[in-house]
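By letter and in written order, the chains are A, B and C; residue numbering begins at 1 in each of them.
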Amino acid sequence: MIILFTDFGPDGPYTGQVRAVLQQQAPGIPVISLFADLTPFDIQAAAYLLPAYAAGFPPGSVFICVVDPGVGGVRPGGLVRADGRWYVGPDEGLFTILTRRAHHVECWELPHPATASPSFHARDVFAPLAARLARDGSFGAGPVASAADARPEWPDELHQVVYIDRYGNAITGTRAVAVPGAATLNINGHALSRARTFSDRPSGEAFWYANSSGLVEIAVNRGRADRQLDIAVGTPFEVS
Amino acid sequence: MIILFTDFGPDGPYTGQVRAVLQQQAPGIPVISLFADLTPFDIQAAAYLLPAYAAGFPPGSVFICVVDPGVGGVRPGGLVRADGRWYVGPDEGLFTILTRRAHHVECWELPHPATASPSFHARDVFAPLAARLARDGSFGAGPVASAADARPEWPDELHQVVYIDRYGNAITGTRAVAVPGAATLNINGHALSRARTFSDRPSGEAFWYANSSGLVEIAVNRGRADRQLDIAVGTPFEVS
Amino acid sequence: MIILFTDFGPDGPYTGQVRAVLQQQAPGIPVISLFADLTPFDIQAAAYLLPAYAAGFPPGSVFICVVDPGVGGVRPGGLVRADGRWYVGPDEGLFTILTRRAHHVECWELPHPATASPSFHARDVFAPLAARLARDGSFGAGPVASAADARPEWPDELHQVVYIDRYGNAITGTRAVAVPGAATLNINGHALSRARTFSDRPSGEAFWYANSSGLVEIAVNRGRADRQLDIAVGTPFEVS
């Protein structure tokens, strides 16, 4: 299985162009778009989502991970094998949290591409590599071993919103297991306690909970937390 | 074929996570997203779309239907077989109109899940059940027969807008066969007559017509009915 | 491979309904959505995108191309074979630039459909034809040979924005090979010079470049060109 984890946006050409490469170079292998709406340019937010949302995929899965403000420049491409899954994409920090949490990690740096479009490495570099990995688990000559953690200064738990979903729920860069159940989350002047799920609170009440992928999420039962609490990707919070 | 009929929104993770489960548990069975942009929390609007848009799918098709404001609470999960197609999802009224119109209906209530995430039954309960149904038409032990119609008070034809499409056309909860061709639709102070299709009216003129799925739809030739008539999901109309 | 090139929008029912037809009539043939967010009603903008974005697909690919403000009226349906690829869709100019640039072109006009929905030829006419072409390269009886170029008055290079992507980059209807590298693009009072790619410019600086599909694109490094330069689909520019 090949999984797309990108900021390509809803229904423009980039997802389709990458799918076309995969279809030709890895025919018959299913391709699933997990995120197409990561915040453009925000590598850090994506880095905290990746390990939480990759955890449900089987060994051998290949992730194409693209939040790439530096495309065409000197930033290296990265290839990571973590706990049996493969990850390819620009390596400016996107794999930092993933590799820090994994039990078994190998990392490689990709050679700078000679012929790729300077603005679309996802199509010309990462998709062909992902296709090869998905076909036979090999990646050919070129990649050289590298250090795992491009952003050692990033914290293990990020006390910020990293994604707003369709319902206005705010997913954070903090794992629920790292926060005591009795803790209060303070965000934009609001103090939120923990609930098990939406229907445990009255309509319109804000709370935090452990979402279905293990992250702290801020929500409002039958309402939009983003608007009600005036929060967006990047909004910080405190735990007390 | 498995069909997704949800409010998961464009390109966030939930559709991908459900697809990943289906890929693993029903490999090789095609999955099609029919609606991903149903209005969040609006079970009634979705209920009137479902039978109209399901009608084109072949026998044996399995629909995963999710508009689920009550996820994690006491609301039951439902399994419906109607005219040879399967439907799984939260049962708070979503299947009401479907079952009322079908010729052959069987309904079951799903047991409350022991291990599912309290906020993502689509991934943990409905997708695995849909995969099993799509594989071999069976659903194992657990579901118990139930009554079909969770919302008997809902009318057969809903005189409200239930969906605004990409072009600003307003699809309603009323079947075109239930409205005389000479009828006038009155909505927000506008009186609309029937046309066969868009190009039969001058640019900018509003009208109603029988859309390609048999529902009354309000539209403007080469314009947006939602803006021009100031209508949204939930706007009522009268037939005279 | 069947490719969707439409204005159906993100995640509404129309893409799913077309996919359902293709799944039933061309089972096993992959379907890729290349564009689902073409500007509604803007045939000309789409016409300049089509040849640039179709170029990467293999011979035998079948494109379903739909920007169809005239659906249900007298406008003909078209079938085009250009350089080994097939294209079906309403023929009001959408194939003009494609056919003008191709080396080998054959065109047919489709018979007016007897039974199709007057508002959804994509589902009832174009998808079944595409399925047949993808299955065995045949199109049965009915289509008659026609002239290629429905809009001979359209220029070879359109000096207008034809698409705004997810990042706010503005793709134009002009091929990069038709513009000298030293040229200045003048748009809305801004004079832009050419860059190789994003990272060659400081953050926040606007420029033009040859995008990964060969078109002139106007962009801002780590910013949104559409907002910064106040441009939209249809905004004209001059080359000096």
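The rule we apply is simple: a contact is a pair of C-beta atoms (placed from the backbone, for glycine too) under 8 Å apart; a residue touches a chain by one contact, two chains touch by 3 or more.
As the structure is a prediction and not an experimental result, all values here were calculated from the model.
Where chain A touches chain B, the two copies mostly use different residue numbers: shared numbers make up under half of all numbers in play. Simply put, chain B must spin 120° to overlay its Cα atoms on chain C, rounded in steps of 5. Separating the centre of chain A from that of chain B, both taken as means of CA atoms, is a distance of 30 Å. Along chain A, residues 9-11 each make contact with two or more other chains. Residue ranges on chain A touching chain B, taken from their complex, read 1, 3, 9-11, 30, 32-37, 53, 56-58, 163, 165-167, 196-200, 209, 211-213, 221-222. Per the touch definition, chain C reaches chain B in the complex via residues 7-17, 19-20, 23-24, 27, 40-41, 69-75, 117-120, 123-124.
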